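Next come two complexes built around chain A: one with chain B, the other with chain C.
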Partner chain A sequence: MSSRLRHVCWGKVGLVTIVVLYILWSLAPVAIAFLFSFNAGYSRSTWQGFSLQWWTGSKSVFNLPIYTDAIRHSMLLAVLSVAITVPLGVSLSIFLSRWRGITARPASFLATVPLVVPELVLALALFFLVTKVNLPIVTLGTSGQVVGQVTFILPLVIVITIGRLSSIPTGYEEAAQDLGASPPQSFRLVLVPLLQPAILASAIVAFAVSIDDFVITQYMSSTSSTQSVPMLIYTATRGGATPALNAMATIMAVTTILIAAIGFVLYRLLARREQIADAPAPALAVTPEGAR
Partner chain B sequence: MTPRRYLLALGVPGLIWVVLFVTLALYSLLAIALGGLDPLLLTPVPAWNPLDWSTTNVHLVAQSLQPFSGDTWVVFQRTCIYILIALAGCILIGYPVAYFTAVHAGRWRGTILALLVLPLLVSYMLRMLAWVGLLSPQGWVNAVLVPLHIVLSNFGWLDGRAITVVSGLMYGWIPYFIIPVYAALARFDTRYLEASRDLGAGTGSTFFRVTLPMSRQGLLAGTVVVALPMFGDFFTNGLLSGVSSTGMVGTLINTYAESQTNQAVAAALAVWLTVFLAILLLPYLRSSARAGREVGR
Partner chain C sequence: MAGGHIQITDLSKVFGDVPAVNHIDLEMVSGEFFSMLGPSGCGKTTTLRMIAGFEDPDSGQILLDGVDIRRTPPHKRPVNTVFQAYMIFPHLNVYENVAFGLRRQRVGKDELRRRVGAALELVQLGELAKRKPQQLSGGQQQRVALARALILEPAVLLLDEPLGALDAKLRHQLQDELKTLQETVGITFVYVTHDQEEALTMSDRIAVMSHGSVEQIGTPREVYDEPATEFVADFLGVSNLLSAGAVSGGAGECLLQVGEFTLTARGGDTAARGQVKCVVRPERVNLKPADAPGPNRLPGTVERLVYLGSAIRAIVRLATGQTLQSLIPSDGRPVAFEQGSAVQVELPADALRVLTGGGRAVTPHAEDVLSDQLEGAADA
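Moving on to the complex of A and B:
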C-alpha cells in the first residue's frame, strides 16, 4: 500500500516538473527578448549593460518612423478587422443556427473552410482573387489586408457565437415575438443581450489574431506603408536591426495582453451578472476550440 | 417583416462575404493552377472557364513529386518528417501539461491556464525573434553550451540546422496544441479514474485503459490544429534557417509565389497540398462528427 502511495506521489511530482519546465521554456525567451530592449549596445544577443536608449531619445522605438508606422498600421488593421468581423460573424451565426433550410449546412461548411486549409493556401487564393479579378474597392494594400484578415477570423467568431447560440433556446425570441415584438426588436432586446459574452470573446480573439497575423497580411500588402508589426519583425530580425525592434515587439505584446485582460474581466462580470439573473449558465470557453 | 425574411437579411452579408472571399478566392487559385501563361510577360493567366483548363502546371508539379527522385518529393518528404517529429514533441510535452492542468491543478488551475494562454497573446513573430537572439553565435544558448563542450564555439544554430527548425516549429505551435487538448480533458469526468481504481486497476493500466482512450478526441483535435499551419509554414524556416536545405512545402510555395513567372506553379502546388491535407483530414472529420452525434444523443 505504502509503495503504491509513493508511486502516485512521484507521478505527480513528475507532472509538476514538466508543467513548470514547459512554462519556463515557453515564456523565458520572450522575457529575455524584452530584457534586450534595455541593452546598452546595439546587439540583440549579447548583453552590454542597461540603458533606456531604445525606449527614449533619438534612436528609440518612438522616434523612428519605421517602427511607429508599423505599430500604427497594425492597430488600424486590428480595429477595422474587429469592427467588420464581429457584426458580420455574429449575424451570420444567428442565420446559420436558426435558419431551417437547405442553404444552412453548405454555408456553415464554407464559412469554416479557412480553418481547415493552411493559411498560406488561403493567402495565395486571396492574392490571386485580388490581382486577377478587378474587384471594386478591394486592392492590395490596407483594404485587401482587412478583407483577408476578416475572412481568416470569421470562422473563429462563428465557432464562438454558434457555441453560445446553441445554449440559448429559441423559445426566448419566440416569446418576445408572441408578446408583440417585431423580429428586429426581439433580436435587439433579447438575442443581443444574451449574446454579449460571445460578442466580447469574439472581439478579443479577433483582435489578438489580427495583431498576430502574418501570412495573409504579408500577401495582401502593397507598399512599405502597409507594413504591419509581424511583417517588420520578419524582415528585420535576421538583419542588423537594433534592440528598438525588441521594444516594438514588446509594445505590441503588452497591448494585446492588456486588451485581453480587460476583456476577460468584463467577460467575468457579464457571466456573473447572468448567474444572478438566473439565466442559463454560459456554456462557452474564452479560447475557441480549433483556433488557427 | 416576417421572422424568416429578417433572418435572411441577417445572413445575406455574411453569405456574400463567404462566397466572394472563400469560394471565389479558392476558385481563382484553381483557375491559376489550371490556367496558362502569358506568352510575352510569362505571368499566369487564369482559366475561368473549365473548358479552357490545362493540366500543364499540375502535371509539372506531379512530375516533380515523383517518389524518391523528384525535387518536390524530397522537400515533401522532409516536410513530413519535420512535422512528425515536431508533433511527437507537442504530444510528449503538451499532453502531460494539458492533463495536469485539467485534472490535478486544483486551485492553481486558473493561474496555469493564464500562463498557457499567454504565448498565444504574445505574437508568434516576437517568440521567434526571441529565439533568433538566443541562438545567434554570440547568444545565450552558446554561452551555456560552449563551456560545457556540448558545441564548438560560435556554433551556427541559425545556419540551416534541421534541429533548430524542428524545435522552432514545436516551440511555435505547441501552445495551440495544448488548448484544445485541455478543453477536451477538462470535460473528463474524474470519477471514471476512481471507478477504475476501485475495480482494481493500477495507475498504469488506468492511464492506458481509461484516460488515454478518453483523451483521443482532444489529442486528435490538437494534432490537426497544429499540423495544418505547419504544412503551410514558411516563416519559422525563414527566420531560423533561411537555407533551402531545410526548406519545407510552405517555403517552396512561398518562394514560387514571390516570382511572377512561377506563380502558377505555386498555385498548382497549393492545390496539391490542399488535396493531400483533405485526404489526411477525412478520418478526423468523420470521427469528430461521430463523437458530436454521440454527445448529442
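Moving on to the complex of A and C:
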C-alpha cells in the first residue's frame, strides 16, 4: 500500500470517528432520559432498579393531568402552526420567487428577517405588542402562542420552499398555460404537485420547531392551561419532578423523530418520483431537543 | 383546416437595454413550415415567445388570421408550443400529459379517450401511454411534447429547437418525421433553430436572423444558393468569402480584380462597383493542376486536407493571402493533391456571387422576395 493511499484511509477513519462520536454525543442524553423513565425510585439521577411505574399506574405520565394537558396543548399548537405556516409560507414563496417586480429582492430579504432576529427579542417584541396594543383575536394564551410560533416558523418554510422553487423551471407553468390552463389552474395542477416534497419538508420542520419551541411559547402563554411540554419540563426540573417527566420527554422525542422519519421517507419517495433537475433535498435538521 | 396565417409588423422587444428583437416584419403563410434560423441571441426565440404570449412586445403587431392577439393571454391563444426542454409534466404519465389540454377544455370522456389515443398513434407512442416521463428517452419525450401540443388542433404550432437535445442520428430521423407530420396535419409550423441543416431540410421558407433583425427570407435554396449578406453566407455553411475590386462588366456580369488576376462573376449584385465581397460555395470550388491556368482560375497552395467522410475539404491559400475552401467528393479515387502542393483554384462565374455593401445590407433582391410574398398573400 502506498503512503498516499494510507493517508487517504486515515482521513476516512478520522471522519467516520467524528461522525460516530457526534451521533453518540447527541443521542446519549436522550437515551439516558429514556432509561431513567424506568427507574424504580423517585430520582432522575440515581439508578434504583427497573420499574414501569412511570409509564403505567397512578403515578404514570398518562395519569397526571398536568402532563397530559401539556402534551395535548403542545400537539394543538404544533398542528395549528403547521396548518397556518405551510399554506401561507408556500404562497409567499411562490409570490416572492415568481414575481419580478423591483421590490422582490427587499421583500425576500424582509421575509427571512425573523430567521436572524434572536428568538428572545422576537418574543419580547410580540409580548409588548399583544399586551400594550389591544389587538383583535390575538391575546396572551393559545392565540398569541400560535401567532408567535407562526411568525418564527414562517421564514423556515419560505427558505425551504424557495429552494425547491428555484429548481423548478418556469417552463412547466408556461407549458400549462400554453395548453390552456389559466394562471390559477397552472398553479394548482402543475406547481403545487411539483412542490409536494417542499411542502412535506416544511410541514415536518414546522411541526418539530413548534413542538420544541420554548421562548415564544412561554412569553405568549397566559394560564397553566396554555402550558406546553417544554415549558413544563423547564419549570418541573426546578421543583421535585419524578421520572414521569422523563417518560413525557421520551414521548415527545419519539413523536418528533417518528414524524421526521416518516416525512423523510415520504420525501425521498416523492423526490424520486419526479427527479427535477437534481433538486437538492433540503436538510431535515430535526434534533429531539424536546427531551432535554 | 385553413388559417394559421401570421403577420408580424414592426415587432420589437428590449430586455434591459439590449434589443432582443429589433423592428422585424415577418409573415408565415397558412400551412407552411417556416423556420427562424440564427445563432443564440439573434431574437428568434424571443419572437417565438411573443407569438406564444410569454413575452409582451414593446412595440409592433402580431396578427393571427387577421386578429391582433397582443392582448390575448397565452392560455387563450390558438397556438401551441413544443418547448426546447419539452417541459413534460414529471408528475403525470404520458396519457395525462397529452390529455392535459383537452381536460382544460372539458371535452367529454369518450371524446377525450378517442382524441388522446389518436394523438398518441400519430406520434407512435400508443403503447407507452402509462409510462412516466422519466422512463422515456429524449426522442420519446419529444414526441409526447408534439402530441400534447397537436391534440389541441392549434392554428399554428410553435417549435423552439425541439431537436436540440437529441443525438445526431435521432435528429436526422426526427427531421424527416417532423416534416412528414407537418404535411399530414397541414398546420403552420413556426420552427426556431440554430442548426442550418435542420432548417434547410425541413422548411418551406427560412428567415435568417442576426442581432434581432431579419437578414434574409427565402426558400432553403434561395438562402443557401443566393445568400444576400455576408452573415447569411457565413451562417449557412462555410463562408468562402473573397475580397475583390469590382471594376466593370456587361449585363448580369461583373469583372472582379483579385490581385493581378481577373474573375468574372455572374451571381448576386453584379451592378456593384468598388471594394466588394464575393461568396462561393465550397462544393463549387474546383481544384485544377498547377500547370493549367485558365479563365476564372487563381493560383494557390493546398494548406490542409480534412477527411469528412462523404467529402474531403481542402483549404487553399491563394497567392493574395486569402484562404478558400473546396469540397472534393470522396468517390473512391485518390485525391490528386496533397498538403503543400500548388494548385489552380477554379471559381466558376455562375458560382461567384457578389454581395452588396460589403455584404452587410439586405440586397434589393431579398426585399423583392419579401414584397412579392406580401403581395401574394394580400391577393390570396
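We take it that the second predicted complex is superposed on the first by the 255 of 292 C-alpha atoms of A that agree within 3 Å, B and C clash if a C-alpha of one lies under 4 Å from a C-alpha of the other, contacts with A are read in each partner's own complex, and residues count from 1 in each chain.
In the analysis below, contacts are C-beta pairs under 8 Å (C-beta built on N, C-alpha and C of every residue); 3 or more make two chains touch, one makes a residue touch a chain.
All of these numbers come straight from a predicted model, not from anything done at the bench.
Superimposing the complexes on chain A yields a three-chain arrangement in which chain B and chain C fit side by side.
Shared-chain residue A:79: touches no atom of chain B or chain C. Judged by the touch definition given at the top, the superposed model places A:9 against neither chain B nor chain C. With both structures placed on the common chain, the touch criterion links A:182 to chain B and to chain C. Contact with neither chain B nor chain C is seen for A:52 once the two complexes are overlaid on the shared chain.
In the superposed pair of complexes, A:190 makes contact with chain C only, with no contact to chain B.
Of the two partners, chain B and chain C, it is B that touches more residues of chain A.
Here the vertex is the CA centre of chain A, and the angle it makes with the centres of chain B and chain C is 100 degrees, a multiple of 10. Looking at the shared chain after the overlay, A:172 reaches chain C, while chain B stays out of its contact range. Contacts of A:262 after superposition: neither chain B nor chain C is touched. Across the superposed structures, the minimum distance from chain B to chain C, using CA atoms, reads 8 Å. Common to the chain B-facing and chain C-facing surfaces of chain A are residues 177, 182-183.
Chain C meets chain A in the complex at residues 52-54, 73-76, 80-81, 83, 85, 87, 89-91, 100-101, 104-105, 132, 134, 148-149, 152.
Residues 1-3, 5-8, 10-11, 13-15, 17-19, 21-26, 28-29, 31-32, 46, 93-94, 96-97, 99-101, 104, 112, 115-134, 136, 138-140, 158, 171, 174-176, 179-180, 183, 202-203, 221, 225-226, 228-229, 231-235, 238-239, 242, 250, 253-254, 257, 263, 266-267, 270, 273-274, 277-278, 281 of chain B are the ones that touch chain A when the two sit in their complex.
Within the complex formed with chain C, the chain A residues making contact are 169, 171-172, 174-183, 185-186, 189-190, 193-194, 196, 273-276. Contacts from chain A toward chain B in the complex involve residues 4, 7-8, 11-12, 15-16, 18-19, 22-23, 25-27, 29-30, 32-33, 36, 43-46, 88-89, 91-92, 94-96, 98-99, 103, 107, 110-111, 113-114, 116-122, 124-129, 132-133, 147-148, 150-151, 154, 177, 182-184, 187, 208, 211-212, 214-215, 219, 229-230, 233-234, 237-238, 245-246, 249-250, 252-253, 256-257, 260, 285, 287, 289-292.
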